[in-house]
Every structure is written in structure tokens, then in C-alpha cells.
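One structure follows; several queries about it will come next.
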Amino acid sequence: MSETARNRLMLAIALIMAAIYLFPLYWMYVTSLKSGSEMFANPPSFWPSSAQWQTFAFVWESRNMGRYLWNSTVIAFGSVALIAVLGTGCAYVLARYRNVWVDVGLFLILMLQVLPASLMVTPIFVGFTQVGLLDYPRLAVILAIAAKSMPFFVVLVRATFMAVPMELEEAALVDGNSRVGAFFNIVLPLARNGILVSAILIFMQAFGEFVYSKSMIQDVSLQPASVGLNSFMGPNTSEWNNIMAYATMYVTPILAIFVLLQRRIVSGLTSGALK
Amino acid sequence: EDVKLTLWSLDRDIQPAPNLIKEFNAQKNGIQIEYRQIQFDDVVSEAMRAYSTGKAPDIIAIDNPNHAMFASRDAFLDLTDMIKTSTVIKPENYFPGPLKSATWDEKYYGVPKATNTIALYYNKDLFKAAGLDPNKPPQTWDELVETARKLNDPSENVYGIAFCAKANEEGTFQFLPWAQMGGSTYKTINGEGAVRALSIWKQLMDEKLTSPDTLTRSQWDSTATFNAGNAAMVISGPWEIDRMLTDAKFEWGTALLPVPQEGAQRSSAMGDYNWAIFSNSKHPEEAFKALEFFASKDATMYKDFGQLPARADLPVPPTGNAMKDAALATFLEQMKYAQPRGPSPEWPKISKAIQDAIQAALTGQMEPKAALDQAAEKIKSIEG
Amino acid sequence: MTQQIELSGVNKYYGAYHALRDINLSIPKGAFVALVGPSGCGKSTLLRSLAGLETISSGDLVIAGERMNDMPPRKRDLAMVFQSYALYPHMTVEQNLTYSLRIKGVKKAEAKKAAEEVAAITGLSDLLHRYPRELSGGQRQRVAMSRAIIRHPKAFLFDEPLSNLDAALRVHMRKEIRALHDRLGATSVYVTHDQVEAMTMADHVVIMRAGVIEQQGRPLDLYDRPANRFVAGFIGSPAMNFIPARTSDDGTSLILDLPGAPVLAMDLDLPPGHAVSVGIRPEHLSLATADMPGFNVPVAAIESTGAATFVTTETTPEIVLVLNGRSTVSAGETIHLTFEPKNIHVFDAGSDQRIEVGTVLTQAKTAS
Amino acid sequence: MRRILSTVRDGRGFDIVLVGVPFAFLFALAGLPLIYNILMSFQEVDMFSLGSFIRPFVGIDNYVALFRQPETWPILTNTLIFVVGSIAGQFVIGFGLALFFWTNFPGASWLRGLFLVSWVMPGLVVGAIWNWILSGDFGVLNFFLRESGLIEGNIFWRSDPIFSLWAVVIANIWLGTSFNMILLSVGLSAIPGDLYEAAEMDGANGWQRFWTITLPMMRSTIGAIIALGLIFTLQQFDLFAAITDGGPNNSSNVAQYWAWDLSFRQYDFGRGATISVIMTVFVMFAAAVYVRSTRHEVRG
Amino acid sequence: MTQQIELSGVNKYYGAYHALRDINLSIPKGAFVALVGPSGCGKSTLLRSLAGLETISSGDLVIAGERMNDMPPRKRDLAMVFQSYALYPHMTVEQNLTYSLRIKGVKKAEAKKAAEEVAAITGLSDLLHRYPRELSGGQRQRVAMSRAIIRHPKAFLFDEPLSNLDAALRVHMRKEIRALHDRLGATSVYVTHDQVEAMTMADHVVIMRAGVIEQQGRPLDLYDRPANRFVAGFIGSPAMNFIPARTSDDGTSLILDLPGAPVLAMDLDLPPGHAVSVGIRPEHLSLATADMPGFNVPVAAIESTGAATFVTTETTPEIVLVLNGRSTVSAGETIHLTFEPKNIHVFDAGSDQRIEVGTVLTQAKTAS
């Protein structure tokens, strides 16, 4: 089989798989265009009988989405920055050595992440109240998210550091660099892609974080989009089309950015070791 | 300096709380209220967490079955004395059910905010198609089952009836009226009537007269299948009326909940929220003023927000839409029989016991009688 | 002459593995020291310990008069060429070269100029903008070299820097490195497995085996007077031939264990019948006419590089000799070999240590 | 002081700072809450004592009471099934996709990026969509299965006790696949190409190369992914809330959802905390396995 | 003799870079071919193309009579030793060695035995349970070697397999590889930058430069009759000396551009005043007494390896000569050099191509 034929075949298979996998996304899009009860129709309708485009404008306006998205962005960036600063170094050390302390460290890191946010939020809330952190609610959420996601980041980035040959760092040391300098000049750039991927994953998670935000941020003007999304749900109402429209507006841009970025990151991961 | 109050409720921007607060603040009477919206699932946990760390709001809107939990521990302020002297809030003006839910130990720990109940909606077009009289909805349980059978049409994807037996408060909310009509209460949940009620539910499930997803579907989603024409009847509340008017492409009617047999005692569920003031509020007087202001707006609540006031003294003015007015009349009638859940400070656990029984019976893992016996046992041990 | 690098009693363990055993070594300022030894003997380890990349387990390491055991690498001011190159894959060749300068804060233009100068020496001028992954093995090695020589460090540490280069480039680089060394007055420690490199470049050669320094000294001293059989076999290529022998009954001569049992009369201080090894280098054996003293051996194989011909004999142990240019000798033939008596080495068969012999009195002659 | 500064720049001090600060942070923000939870499982807790550490001590009463409940064992079993099922599914599908996209045909990296959608979508939305997809009557899954002739009548994924847990597992596999895929892709691209070349020269076919080179070389990545997958799976909450609510009759209830239900629906915080301690034991086991797996890691 | 490997018109591009240019090469079954050339000339690329690790851009590759352009590597049944070793880092040495056997489904015990046998040859017996990261550079290379020789493939491809080994081991391995080659009757292609390796091991040597095959043939043929100046300079170490010269006005002799302008009378078919290069190998120059024909040059530097002494002259271009053993010549002295006329090579100064000359009629003598 020729190269191009093979490529076409692979692309076709990939498209089919993507179509299957992305079905929920598609469903989100069409639901946002459906009327209230149409989504419960049997047999299911794959295209809205009359597309309700105005839903989008309505949702954007009524919920002041711009502000929500801004808050989400602030929280996400804050968390990623904090995690990257704290977690990268930690991951590096845990990758560089191979001894009992590293084992203990890894073990603790995983253990600390075990409980779901819904169970962690009470003690954190209590603690934050006592030190007065709740007066800076977005900071409080950033700290909480950082604690929750850092183990994830550390474990992933550690694996990346494992792939950076020790000798390169040694060469830098001999070249007159301090440990600090070698870390920043050599090790970090070489682990850059892995760190970026992990940071982006964390960013997305923090962008959609919900449990901490809704408990700790009481001022609507500081709440992130995830909390805003929930405001379409009541005990006896769930405005699914609005929720989906809202979600569409908040998912699509991130997804687009990621598709663009990961292309560079994952496929650029070829500059491995030499000799 | 204005007195600052905080108020938590689950109302969204088209619902009463935020709008009433806006109006209240606009009066500039020296009291300003700050509003926070909380999600249904979180009201109680947020409130507890805040209360135990001293961060509780002054006023909260609390779901009526949870009221007793706070009241019994004196987390809410005893309003009895203030109500006595109030010219706006008079206990006798309220439906007895809602008022009872705000009462603990003969004292008033809150004021009903709004109320609702459930009744039977039915699809008149399908009635006609099945050769049934669209103006004669089923009156008794047996009729209900019979009608459901006739309306059931799997080939057209139509179920006879939709309701909600989900394993959360909604399940209890829908089941309890049936049990009560059968002469039981939550304390005697394994009474004969309750067992019969559960058996009827099971029969509906077994004969596939209702979707098996009734077990896991919320009232809102169940009603949506009715709106979409996939169920011929549904048991639900007045909050659905507006959606039904826009979504349902057929003629529909409402009826009181069917009773076990002709002439039997009626009963219905009672939902919606009460206002309460936290006992550690620094400004109880001002907070009560706010409640009085809210109560003074009960008269236009249905008109403005589509919610029923818990008031027996206020007529609900006609809207001009015949279907809507007819439905409203049904619900107001049904409201008279509405009974609160509890009140009991342990209501969530009691409710859980009832849900477990419903689910165990409907999935066929236990006989209705045995399931309810077990629930009764649990409830007894919970109540101590 | 001041000592630039001094190691005393240095030991290094990798876990339980004893990689360096009681190393004592003094390297004067400006010296060019070659470190040779079989693969795995600890050369790289020693170099890495000097550089500070491995902490030594015991002993003292003094550089320029200062104890450096615990000094971080960057404060030792040494430049190292890694056996595995260790090029920075995310930097172009130019950036690789100027990295150490940039750390020191050298100006951009200046660093660039330095890089171009070095690149001209190592023939990398056209590759300055490539990334390491786009270079061939030899090109990478040259980048590694250049990276070290662009700095002007206290000492250079080279770990087999030329092993992937072709002969011509190698000769060229050899000269460049040595010239550089002389110009900078630097001290260099140079690990190599190339005889010619070690002998021609170094002032001082250190021979290691299994973590131990077997002998050290000036190159020709090692060639002329190897301290033991290992060193004798290791220095010189093709390796020295070892012929088992024993002292004659009167103790005045050695009887070689070869066809015809040639006898060497010499001044020996050994008991009769003592087993020894007689070493003779391939280049010291020559063909002789049948009438000259010597011994006859059959030829097993002939190899020629053009400039020289290697003859391997069909004896046990086999004997290799090098003849200049081409030779008419062919496999299967029997040849008559001879050597100058002053060129033999005698080693104790048990301890493998060198046995000094007085002048060899007579040339070898067949006992019979 | 200078000594300290210099070890931070050049020596062990650097490592200690890098590790010390994050661990202190983690201890304060994750360690203490965990301890709070563990403590709570030995105490009698109600809404009024949530704010303090000192509460009536009840010993192991909470545990005893918990294990007396008939649903405890089934729920723990469900948890195990859920975790194993989800992780196995996510990992296998994720690995398959990562390998597929690794062949690097044109367009591969674009499409691969799209697969991250499940990571970006808010839990509430994912739950709702799967709720519809898995619905018995109007669900799209049943629709496709029916149309393709795989089933006769509808499967009530959410309401049939036999299927309800698997319904959530399916949704969770969908949710976790992208995370597995993207990380495995990164891991794959870190394997030096010459190893494959060597293996190919050694006569290994694609399948053999996968088992003998790819898998072992990915050990640390795989260990990390499975460990993280376990944690995510144990934290999965939205899907239960949206799809089955743990029902019917607890047939799809799992520890984390039950703990939440006990704590925040029945306000029995002590028992809720007790379950979370049991979950901690689960994770402790997994963490130990992960740490062990790092022993065989290959350093670049 | 059947052709085992045949390349015709093979080209290979890396993007725009033309790495192999129109390569034509036939390798008979059982041959041992050495591939030499300067660093970056495309040796590894050619080897990798044979192995199937690079797809060739155009041309035909036939192995054992079958066109293999698009055959995956594993179906070509070749064994390769990588320049970068490419050891499996997650396997012990033993597992590395037996990998190919296990793939083929060879029994465990059998594989283990094979590994032990090979390890004994390559001196890895003690290291079988180590991981590659715990090995020294040379040990790794030996593992890479062993991994190839444990199989019995159609052909071996070696990419500088011995570059990190010390001389003794190298000589040993050289013999082992060659013996193995002979024993298995395999075909081998061997990339090396070591002259001696190429000349002594190979039946056929291919010299490449910048992606082009410059010359190929039997080793001594290349040594004796290099086709151009590049090959002449590349084969032989130290490299051939090139002395500029031009034909005399009568066209019957060459006048060398050296002090005293020595003249070589010879049979030439060149116009008068034509510029050429005269090549003479260092080993073909020798010291002569002043009365012999020859020329005087001052000495710049002396290097000795013990076995040989390299003398570099202070002329432009400099001339290198090799003397056997030690020499008393010292820097600064003037020496009188001579050579046998049959040993000279003449190249066109413009095209660098070899010019065949008839017998050189007279020995060099100073023109004056």
C-alpha cells in the first residue's frame, strides 16, 4: 500500500473514531439549539426542529457571562501559576533521585489527593475561615485548587523529567552553572513540553472547578463560570438548552486553543537524548 | 450607616428573592440586603458550614422538610413573639400545611415563603385517541391503572403515565401523598394503605405502564417526556405549567391526585421554601422587617413569579389563559390537602429510609410489604 | 612546578562496587596526562570525580592547592568533554558552544566571535546553526570538543573525545588539542583508548586496571620498562608477545617454550626451573636469514595495511610480528625469526611483575 | 548564611528547598483536611461542631455501625468494579488511540487535540449529556443499538440494577480516555527512536515491539497514569449525581458518592468521614503499587 | 559468486540535503566490506538504508536477489550494531543479548546458553545481570556488538562497533568479528574510521566523501593506486604527504616545490609547466646519508610511540615521515630525505585525479 493510501485510510478511521468520541460534544451543541422538551423526544432528534439561536444571546446577556469567564480565567491562571512554581521543582527532585525518601514523597503525594473535593471542602472552609482567607475568596479557591491538583502535576512532570538525560545537567554544571542555573537553562527547557501539557491539563481543570468555588466565593461578581452554569438548575427546573448554550460558549474556545497548542506540544516532543 | 443584612436563597433572577430584595433596598429605609444564590443541593450544607463557623447569613430560605432540623437546635430564631405583634404576618392567613412546616415545638421558627403541591396532568389528545373521555380523568387508583393501560402504546413510544420514584427527596415527595391517602403517615409507613400504594407503583412498573427510568429520573425530566408526547399522564407540580404551555403541542388538563377508592381521604405533597432568621443574627429586628416586606408582596407572587403564595387569604387572580387558569384551580384545590413532610429534625434520614423502600420494591428486590416494614423499622430507630 | 591536581588515597564505590581503589595521582600545572586502561577500568569515573560529578567516597582531591572534595562542579573551573557528548539538544551548535560564556556574562558579539573561531578550528563553521540531532556522530563529537575549548579553564578533562573521528580528522584534532593545551598553558587529563594518542600527546601516561593505577610515567618509559605484564601488553599495538619460558638448570639462561626451544643466556637472579614470561614486541621481531641466530616458526596468517604487514604464527601462544611495507611471506610458510636481545622483557609467571635482567649476553639460539 | 545560600545554589539545599516548600503547602492544604476527616471518623459530629477539632470521641462506633449496614459491602464491591472497570476501559482505549495517532498521518495531531473535549467539558454538562444518551426510552445509545440490530428492546441503562453501574462506567470511560490518551502520547514520543530500530533489526514485529519496548519503556508513564486514573475515578462524583443518583436501590452506588450522600444529604458527617477513611486505604494500596512501579523506571 | 547486496543508483535526501548521491555498490555473498570516509559523509546513512531504517529516495536496493526498497527491516534478516548502541535500557545485558532469540521463540535455556557463549567472546560474562546504565561506554559497545553476533543473519551491518574500545580489546574483537564472519559465511558491511580495521579486516573497501563513493576495491589496491588525491590522503596513517610540483620545460621531469627543488625524471604525458601534486607516504620516506640522492629539510617536531617515531618537517606544506623505533633526530636539525621512486603518486593539481606515470626513470636529485 502506498504512503498516501495508507494516510488516507488512517485519516478516515481517525475521523470515524473522532465522530464517535465527539458525539457528546455534538449533542451539547444541538441541545443548545433545541427547545425545552425536544431533547426528551423519542425517537431522538438529531437536528433541532427549529434552531433556537437566540438562546445564546439570551444566556450571554442574562448571566453576564463575560464576568464569569473572566473570573474563571483569573482562577485558572492563578492555580496553574502556583502549581507550576511549586510542583515543577518538586517533580524534578523526585525524578532525580532514587531512594527511600523519594518513595515516601511519591506515596504522600498520591495519598494527599485521595478525597473528592466535596469531602475536602468542609475542612478547608473551616480552616480558611479561621485564618481569614475567605476575605480573599478567589485567592482561597486558587490555593485550594493548587493543593488538589498539584499531585497530578507532580506525577506527570516527574515522568517528563525522567526522560531528560542526567548527563546534560552534568555538562551544564561543568560548564560553570550552579544547580539552580542548570535547572533553569537545561533541565527545564528540555522538559518544557511535558510541563506545558500538564499545565494545560491543570488549566482546563481549574477553569471548570466547581465545588470549591461555589462554597468559598459568595460574591456573585467573583464567581467563575462553572458556578454560573449551575444557576440554570433549580429543584424543579433544569433549563437544559440554556445550560448547553452556556457550556458551548465556555467549552468551545478552550477546546480550540488546546487543539492548536497540543499540536505543537505533543508532536514537538522529539528532541530527546543524543547518542 | 445602613444596617447590612445577608440573605441566602436558591432563587434565580426570575424568581422572588433577588427581585424582592432589589425592591426592598430601593426603599432606602436604613436596611440593605446582600443576596447570595445557592444551589438546591447545597442550601443545607452551606448553611451548616457557615453557621458552625459563625459565618451564617441573617436570613435564609430553607426547604420546608429541612426547617425542623435547624429549628430544633435553635439555629433559627424563634419568631413567635415578633409574629404576635406583627401587622403583616398573621399565622391564620397561611395554609395550615406550610405553616406547620415552619413550626417546631408549637413555636414559629420561620414564615412560609411560597408553596406548591402535585396533581395529575393528562394529555387530552391521547385520551381522545384511546377512546377515553378527555374530561373524565381517573379518580381512583384502580381507574388510574386502568386508564394508563389503555393509553399505553409502546409502538408509538407512549407510556401510560410518568411520575418520579428517584432515590432522593423527590421520590419521597411523590410517594408520601399516596401513603397518606391510604391512611398512613411517615411514622406508620408500613401501614396497609402505604403498602397498597407501593404495590400500585410496582404494578405500573411491572406492566411497563411507566418508563423503567422512573427510578432514576427527576420530576422535571419525567414531565418533559409528557411534554414531548411520550407519556399520556404525569404527576407533577404547578412549576411545570409555563413550560408545558410552550412545549406541549397538544391539549392537556389537570386533575386532583386519584384516591385509593371513591370517597377516601385526600392528601397531597407540600413543597417549597420557608423564610427563617438565623439565631446568631446581629440584626434580628431588621431581618424580621425584611420578612414582613416579603410577606406583603405575597399577593402578586403568582403574577410576577409564577409561584403560589402559601396564603389561604389571597385569591390568585386569573391570568386569562384558560388552560393555565384551570390548572391553577386544580392546584389551589389540591393545596388544601397538602401536608408537610415531618416536621422532624431527622427528616433527611427518614426520607432516605422511605426512598430505599421504594427503590427496593420497584426493582423487585423486595416485596412492597417487606420493604416498607424495613423502612418503618429504620424510622423508628432514627426517631429514637 | 606546582601541582595543579592532586589525588591522595581516593576511593569510589558505586553501591558495593569498588570503582576506584586508593588512587594517588599528582598532575603538575601545565601537564598533559593521558589516562588509559581497558574498558570499564574506571577512567570515566576518575574523570567525573575530578569534575565533581561524582563525590568520592574517601580520600582527598586538591585542585590548585585547594581541597575540592565537596566543591560544586562550577567552582572547580574545569572543562569536560563527555564520552556521550552530552550536547544540549535544544540549542544550536553555536548556542551549545557559547553556553558557558553566556553563563559568565560574556557579551553576545564576543561570544559569537569566540564560537566562530573555535568552529573554524574544529571544522564546524558551516554547522553553527544546526541542532545536534541534525549532525553525524563525528560532528557531534566535534561540537563537544569545541564546547570545552571555547572556555579557558584551569584544566581540561577529555573523555575519549576523538573516538568517533576518522584518522585524518583525528590527527588534525590531536594536533589542535595539543597546540591549544600549550597555548593556554592549561592542564589536561585525557582519557583515550588510542595508543597513538596517548603516546604522542601526553607528557605523562597513567594506566589503570579495575580501579587501580597499574603504572604511570613518561610515555616512552612505559613502553621501555613496563612494570608488569598487564602494562606491557596494554602499551603498544599490536600487543607484546608473551612466550612462556623457564630458567635453565644452571640459572644462567632462559629456555623459551617454542619449537626448537631457543635459549637466551642472561644475567638472572632466579632459581633454576623458575617459570617466567618473556615479552617481545611485534615490531622488535624481524625476519632473518637461516644462518642468523633465531628460531623457526610456521606462519598462520598475514594481514597488510599497506604500510605494514602483520604476521601471525601458528604457535601456542601465537606470536605476532610487524614487518614494514609489503612482505612476500605467505601463510603456511616457515619463517626464521630473530630479535635484538636488548628488546626483551621478562615477567614473573606467578606475580606477573617485571624482572629486571642484566644485559642479555647472547642472542637467542636454538638449544639443539 | 553564606553556607546555606551556597548549598541552595549548588548542593542538597537546592533539592530540599524544591521539595520542602511544596510539601509544606500540601500538608497544610491537603494533609490537614485529610487528618480532619480521619479524626471525624472517630467522633460524633453534627452541624454545630463542624467548626472544631474537639468533638465527642466515639472510638470505632462509626465503623461498627457502618459495617452493620446491609448496603456497605455491595457498595464497596461496586466501588471496586467501578474503579477497575473504568481504569481498564480508559487505559485500553486511551492507549489504543495514542498508538493510533502516534503513526503520525497528516491531520493526526489536530484530531488528537479534539479528543480532549471530555477533559474540558464541565462535569454537570457531561453528566446531563450521558444522562440523555443512556436514557432508556429516548436515549441515543439505545437508538443506535436498536437501529444496528444489536438489541431488540431498549436497555434501561440507568434504571436496571444490572446495568446501572455499567452505565456510569461507560460514561466515566469516555471521560477518562482523553486524559489517558494525551499522557500516553507524550510518553510514547519520549521513547528514543533507535530502540525501535534496534528491535526491528532484531526481528520484532509491531506487536512484539509493543510488548517488549513500548510497554516497558512506558512503565513510569503508565504507573503515573494508572495511579492518577485511580484517584480521578475515586473522585468521580458528577456522573453519579447526574445519571443514576446511586440508584436504583444502591445498585450503582459507590463509596465516594455514598460518603457525600451520608454527609450532605443525611448530615451524618461521622459516617461520611468513615467511608472516606476506607477510601484512603484503597488509595494507599494503589500508591504503594505505583511507588513500587517506579523502581523499574528507566532514566534518560 | 552471487551478489548478496546490490545498490544501483541509490539517492537519499534528508529534506533538501542530498546525503547519498547515486550510489552503486555490489557486495558478493560472504564478502567483508569496509565503509570508510570522513565524518558526515553518509556512512551511517548508507548502512541505515541497507537496514531499511531509512527509505531511499530513489534507486534500487536488492538483497539476496530480492528487491528490498520497501521491505520492513525485520524481514531483511540483517543484524546491525548501532553507532549509538541503542541498547534496551529496561533490559539487563543478558536480556539485551537474547532479545532477538526470544522474539524468534528460541527456548529460554538455549537463549541463555547462547548469551553466555557470546558474552565469553566479548568479555561480558560478569556483566550479564547489569543494566546498560550501569555500564561504561566500552562495555555498552560490547553489548551492542554481542547483540548482533548472537544472531546468524544474512548480513551484518556494523556502525563503528569498536570505536570505544581499547587497543588490546579492539585487536581481539577484530579477530573475533572476522572469525565469526568466516565461520558463518555471512556478508558484512563494516563502517569504521580506523585505518587498520578497514585494511586488515575487509576484503573490499569503499571510500565515501560527501555522499559519493570515491573509490572502492581491494584494500591494498586502494593503498597502492588511489584514484584521486582525496583517497590517497584518506587511506594510510599518518596521511600521505603532498608536494606541489610542475613539469619541467622539456616535459620529461617533475620539479618539486621544495628547498633545493628536487627533480624527478619520468615518463609523463603532460604539457610543460603543468601543475601537479606529488604524493609520498610517510612510511616511504627515509633518512639517507648526505651523499645519496634526496633533499634536505629542517625538522619541526618529533613524536614517538615507542614503536615508531613521527618526524614533521618545517616546510610548507609540512612533510611527515615515519621512522621505525626510536630515532636520534631532534627538532631544529636538518635531515636528508630520500624515497624510492616507485612509491610516488602523481595527481593533477586541478582535478585532483590520479595521473598514471610510467616508471620513474631516475631517483630524485637536487636540480642544482
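Letters A, B, C, D and E mark the chains in the order given here, with residues in each chain numbered from 1 onward.
Operating definition for what follows: contacts are C-beta pairs under 8 Å (C-beta built on N, C-alpha and C of every residue); 3 or more make two chains touch, one makes a residue touch a chain.
These are the chains along with the protein names UniProt gives them: A, D = Multiple sugar transport system permease protein; C, E = Multiple sugar transport system ATP-binding protein.
Quantities reported herein were computed from a predicted structural model and do not represent experimental measurements.
Undergrad: How short can a path of touching chains from subunit B to subunit C be, counted in steps?
TA: The distance in steps between these two chains is 2.
Undergrad: Using the contact definition stated above, find the chains touching both subunit B and subunit D.
TA: Where subunit B and subunit D share a partner, that partner set is A.
Undergrad: Does C-D or A-B have more contacting C-beta pairs?
TA: Result of the comparison of C-D and A-B: A-B.
Undergrad: Could you grab the centroid distance between subunit A and subunit B? Build each centroid from C-alpha atoms only and quote it in angstrom.
TA: It comes to 39 Å between the two C-alpha centres.
Undergrad: Any idea how many Å lie between the Cα centroids of subunit A and subunit C?
TA: Between these chains, centre-to-centre, one finds 57 Å.
Undergrad: Express in whole angstrom the distance between the two chain centres, defined as the mean CA positions of subunit A and subunit D.
TA: Those two chain centres are 15 Å apart.
Undergrad: Taking each residue of subunit B in turn, which ones touch at least two of the other chains?
TA: Residues 42, 45, 49, 52-54, 157, 221, 225, 228, 230.
Undergrad: Provide the list of subunit C residues touching at least two other chains, using ranges where the numbers run on.
TA: 72, 74, 84, 137
Undergrad: Give me the residue numbers in subunit A that touch at least two other chains, ranges are fine.
TA: Answer for subunit A, listing residues that touch two or more other chains: 39-43, 122, 126, 129, 165, 178-179, 230, 233, 238, 270, 272-275.
Undergrad: Please output the residues of subunit A touching subunit C within their complex, sorted ascending.
TA: 165, 167-168, 170-179, 181, 185-186, 189-190, 192, 270-275
Undergrad: In the complex formed with subunit B, which residues of subunit A make contact?
TA: Within the complex, subunit A touches subunit B at residues 35-43, 62, 122, 125-126, 129-130, 134, 214-215, 218-220, 230-238.
Undergrad: Could you list, by residue number, the parts of subunit E that touch subunit C in their complex?
TA: Those in contact with subunit C are residues 36-40, 44, 83-84, 134-139, 141-142, 160, 163-171, 193-196, 199-200, 219-220, 223-224, 233-239, 281, 283, 303-308, 310, 322, 324-326.
Undergrad: For the complex, give me every residue of subunit D touching subunit C.
TA: Where subunit D meets subunit C, its residues are 6, 9-11.
Undergrad: Could you list, by residue number, the parts of subunit C that touch subunit A in their complex?
TA: 48, 51-53, 72-74, 77-80, 82, 84-90, 99-100, 103-104, 131-133, 137, 140, 147, 151, 157
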